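What follows is chain A paired twice: with chain B in the first complex and chain C in the second.
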Partner chain A sequence: MRASERWRRVAWPLAAACIGIVVVPITASDFVLLQIVIKSLWLGIAGASLAFLIGQAGLISLGQTAIFGTAGYMMAILTLSYGLNIWLAAACAVASGPVAGLLVGLLSSRSSGLYLMMLTLAVGVFAFFFGQQYQPITRGHTGFNGFESPVIGDVDFNERRPLFYVTAVAAVLIVVALRYVAGSPAGLAFRGLRDNRERLAALGYNPAAVTVAAFAVSGVAAGIGGVLSVWYNGAISPGSIDITRIIELLVVVTIGGAIRIEGAFLGALAVTLLRNFASDFTNRVETLVGAAFIIVVLFSRHGILGLWLEARSRAPQVFESLRGQLRPRSRAAAGPPAR
Partner chain B sequence: MAPDRRTEAAAGGAQVALRHLAGRAAAAAVGRNQRRAAQLAISGLLIYYVTAKSIQISDRSLLVLLNGLTAAALYFLMASGFTLLFGLVRVTNLAHGGVYLLGGYVALSVQRATGNWLAAAGLGFLFSGGIGILLYVLLRRLRGEGLRETMVTLGAAIVMADQALAHWGGVPSDLDPPAFLQGSLPLPASPLLYPKFRIAVIGLAILAGLALWLLLYRTRLGMVIRAGVDDRDMVSMAGIRVELVFCAVFVLAGGLAGMAGVAGGTYLSLAQGEDNRVLLASLIVVIAGGLGSLRGAGAAAVLVGLVEAFAQTHHAILSVLITFGTLIAVLALRPHGLFGRPVDARL
Partner chain C sequence: MRQRKPTGVWRLLGVLVTLLLIAAACGGDEGEDATTQAPATAPEPAPAPDAPEPPAPPATESAPADAEPTGEGASDDAGDDPAASDDVTATDDGAADATGSITIGAISTLDGPFAALGDFSMHGVKLALLEYGGELDGTDTRDGVSGATVAGLDIELVIEGSDATPDVAVEATRRMVEQDGADIIIGPLSGDEGLALKDYIRDFPEVTLVNGTSASQDLTLRDPAPNVFRFGGDGAMWTFGVGTYAYEELGYRTIATVAEDYSYPYDQVGAVLTEFCALGGTVAERIWVPLGTQDYSSFVAQIPNDVDAVFFAMGGTDAINFVKQYDEFTGQAIPLVAGPTAVDQSVLSELGDRAEGLISSGPVVDDSGLAEFDAFAARLDEVFPGQTPNIFNVYYYIATKSALQALEEVGGDLSDASAAFQAALAEQSWQTPIGPVVLDDNRQAVVDMYLRRVDGGIQKTIETLPKVNATLGFDRDEYIAQGSFSRDNPSC
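After this line comes the complex of A and B, so read on.
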């Protein structure tokens, strides 16, 4: 019973995702596919790593760009500087994600709350300046350009559609994997960290170790996001991980809603749409993004997703009250017969 | 004092300090207090490194010292407001850099219109105090929800940066210092000259620090603020209108940031991205000093300013890495900062 119920809860979203993967590239124009769909998918993957940390473990990390950037730079350096086989390089780059996550986690394992936020902010900015200043490895300000995605036979991953399939499948796999972790006993420990650090310690867990583990798990998603961003942009530079990017990631997750991992994709889509279409009307797109961000935060605890969930949970009540309003009337109509 | 004698004295002092530190580190290592041993060893290495570097180039190190103190002054002006706001209202105001930039830009416009630096500084101060009130009103709904408040200030920071770009453009510009602070001052015991305005900024920060200390420890408002830092529910129980005090602290913090913006806009420059740079520097200062601690903000401002100036002079390539490395080292050893205590910073 429970198993079938759980299966049903998994099956519908999965089916929807599969249909989306088939239908979107057929219906969407090239511009929409490249500029909006693929972009919000890889931004959402990077955001999912943060949504997982915030929503599950209560760790507000501003250092995800450091992990993201490590993987992205790894991809670019291994192929462009060392001429490594592109698939081997991609594997190394993806693997560097959890390693970088582990390091960020180790650094911040002793702090929590606002202090963790500030410490990870320092780590994120440190990564930016490392990219900017340590020229021998990172090529400084200009970074790496002219990255070519792999080609297998007729399938060229520089093309829109193959890139879309790779990114979309990666996004679905990441959501499934992160939800699986969230549902496992480890996920319970992460939520313990979020809800009450002291009680988690009293239960025999080591909060610092749980923190490190959460960062390592999120590092997988951030690493894949970093690699895909290099495939998408064909370039990586310190500008890809500067403070505006750090803020963008937080904005994406907050607007979408961090209670569910899928919220990150919702937020990424919202921000990408706003950026693309608002620029037709005004030059002050950033003011609009900031204002939208403030409004969402002011009126919803969990972003757009929170608004939707609240509406859904209220729907039965609203329905009930509507029926309540209808009932007396019908009773009055069928009331005692007139004398 | 002749340079070589000065060098000798510095070397002697460093040697004594190093021997003392080495002894304590050894004692700590024997006593299995590994963290303490590591702390002492790191500070020993730092002292050794700094003296070894500065003995070689003594006059330059005087400049480094002064540059460091000027930067420290600016950071203190920023960090003191930030830390007060956090201590009392528990708001991490990420729009503090935006207030800095807007305060500076408004002063710039006023100076271009009137040519008077003092009027410009005064209006910049008032304007950023006004932004403080705006932020207070914006955050009122969310009182007590640290994360959402921080997010709103982040949104405000994005809007402020974009508006500054819209109204004042992307070209760096700066204010002219007032006539009586133009030019340079000869330094004592050295052939070097140093800009008057930079020395005035150091003086301004010291004055601001003193004024804040007087306000906090010698006035009724200060008493309420300090009590509010400790337990704001009890303060409102005592019949004090805490909301009014909160609003006052927002104005004070905004005004301090605006003052920093005027000072920074005069001796550095106002440009796009400067808000983030100054915000980050003051964040480093506030965190290293301990969130909510004015004393910590002062001490950490000096530490960060000096480390930054030293790194810029001697290791220009790695300067920012060294600054952030300092913060990460401080936080790894003291998670609550130099003078911080474990406040309830949970979100």
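After this line comes the complex of A and C, so read on.
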């Protein structure tokens, strides 16, 4: 009973995702597929790592680009500098995500709130400057160009459709995995950290360890996002992880809504659409993105996702009250006009 | 209620997918262009051999035309010209033909640290289009130019901005090429963007990239792309002659260099040292500072006391900050020699009196006396009051004008993957505002440079260095074999 219900809950969104994966590449143009869909998917994956940290563990990290960048740079360095087999390199790069997450977590394990933000910001900026200046490894400001995605037989991942499948499947897996973690006892501990650090400690948990674990989990998503961004851009440079990208991730998560992992994808899609199509109507795209951000923050604490959830939870009441109001009103209309 | 909540959460995943679908559907309209664009280019090479010349297009063109649904893509282009000249009825799709319009996409750094330079570049683009009957749509940098025509075809201008990072530059260019159907791209501004765009544009042989001011050597020197053209110098060419002048005329024997730590300054320092060391000079110290450094004290402290001069290669605020702090620390004891953009006309006024007497090399001087230059300067001031020629507006102007001239020569024919147009572009040889230009086999310009000195707030010519080429006059194979300039290459 319980199992079947859970299955039902999982089945149809998964089916929808599958349909999406099948239909989108058929209907979308090459341009939309690459620059809107694939871009929002990998940006969403990176955003999901932050949405997970903020939404589940209450850790506002500005160091996600460091993790993202570590994985991305690993991908590029191992293949372009060391000529490693591309799949091996991809595996190493993906694995470097949680490791980097672990390190960032260790650094910030004893802090929270504003101090955590400052610490992680320092980590994020450090990663940028490391990329910019540690030239023997990172090739400095220019970074890595001309990265070629792998080819298996006839399937060339430099092509847009194969790349879409990889990114989409990765996105679905990330959402499933992060939701699984969130639903596990560990997820409970993360939310304990978010809601009340002291009480979590009183319950016998070690908040520092929980923080590190949360960062490590988020590192998986950030790492995969980093690797996919290199596949998408065919390049990585310090510009890919500079302070504007740190802010962009935060904007993506805030616009989308951090209460659920999926919010990051909504936010990524919204930002990507704005960046690409707003210029058709206005010369001030960045202003528009900023305005959208302010509006979302003002009107919905939980972003677009929050608007949707609120609308949905209120819909029955509204319907009922509408129904309730319509009847008395019609009665009132039919009744003798007072006054 | 409570039990249904999580169900709904999962629905969000579905909603996301639906949104993606909607996005896909929306894009589908414009996408028609993009999807047909790909096949349109693919079959082209096949029919090309039997029908190389445009006069016999019906056979080659009708196939894609039939395949094209009579939808948005078609009506868009036909809209301008419904009577569609009877020889060709196909739609314009990047692969282009003799009807409709030609789209030029201009990209520069309109956001981020170089935003001011982006404005200058767009002035240049617009000025060239105005010469072809265009009118400014507005005063904003992103406002286009409408009404320009070449060979009876309307020229549409699409303007996109980057923030000087390669990722953003590629996305912006992709938008112009695949979404707006741009046939020609003018830009970008910075070196690393140029390299990234070269990689991208290689996959679209029918689209032509005419570089703006990206000064990376390897845009054209090594592994060139057939559809990438540069009508200006690169970072090394812009610095040509300084090393020789410093050794022979100024009598310097030992210098130190201070430069920003990335590829463009490597080229400048590399060019100076290549000449300077070949004559017997030595470099005491090469100091690399991170881009955007505010505090130069630790770097200035590294400059040895016994050098004859310091060559500094920086741009914008970095140059201004450096010079200020250099003066404070050293009391101007050691003379400075400047890189081309450190004393470009775009920042010269901010250096004020301190710039007086600084020696540099570069493509733009204010007293060349060339009629073309004076006309350009007058026109620039007339259209954009208060603007004076600098490297950015001049280079973007030259790039745009070269493309328009080539378009005119081929009658706007962009068929056969722009083959005729690109051939004509490669043959462009004309008198630009900064001297004559011709292209070499890698589609890299051979141009005049000027050894110059700041005098009275403007750049005055010391000597004109005619026909500087990409290898600075050295043997081509040897020059290429020595590898890209880097922190410690050349090793002298």
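Keep in mind that, in the parts below, the second predicted complex is superposed on the first by the 325 of 339 C-alpha atoms of A that agree within 3 Å, B and C clash if a C-alpha of one lies under 4 Å from a C-alpha of the other, contacts with A are read in each partner's own complex, and residues count from 1 in each chain.
The definition used in the following text is that a contact is a pair of C-beta atoms (placed from the backbone, for glycine too) under 8 Å apart; a residue touches a chain by one contact, two chains touch by 3 or more.
Bear in mind the structure is a predicted one, so any value in this text is a computation, not a measurement.
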Partner chain(s) touched by A:133 [first = chain B, second = chain C, both, neither]: both
Chain touching more of chain A, residue-wise (chain B, chain C): C
Contacts of A:12 with chain B and chain C, given as first, second, both or neither: second
Chain B versus chain C as contact partner of A:283, first or second or both or neither: both
Contacts of A:317 with chain B and chain C, given as first, second, both or neither: neither
Which superposed partner A:247 touches (first chain B, second chain C, both, neither): first
Chain C-contacting residues of chain A that also contact chain B: 129, 132-133, 135, 283, 286
In the complex with chain B, residue positions of chain A that touch it: 58, 60, 107, 110-115, 117-119, 121-123, 125-126, 129-130, 132-135, 243, 247, 250-251, 254, 283-287, 289-291, 293-294, 297-298, 301
Chain A-facing residues of chain C, complex: 3, 6-21, 23-28, 30-35, 38, 111-112, 140-143, 160, 163-168, 170-171, 174-175, 178-179, 191-192, 195-196, 199, 261-263, 290-291, 487
Contact set on chain A toward chain C in their complex: 5, 8-10, 12-14, 16-17, 19-20, 23-24, 27-37, 39-40, 129, 132-133, 135, 140-143, 145-146, 175, 233-235, 237, 239-240, 242, 244, 260, 262, 265-266, 269, 273, 275-276, 279, 283, 286, 305, 308-309, 312
Contacting residues of chain B [partner chain A, same complex]: 92, 138, 141-142, 146-148, 150-152, 154-159, 161-163, 165-166, 276, 280, 283-284, 287, 291, 317-321, 324-325, 327-328, 331-332, 335-336, 345-347
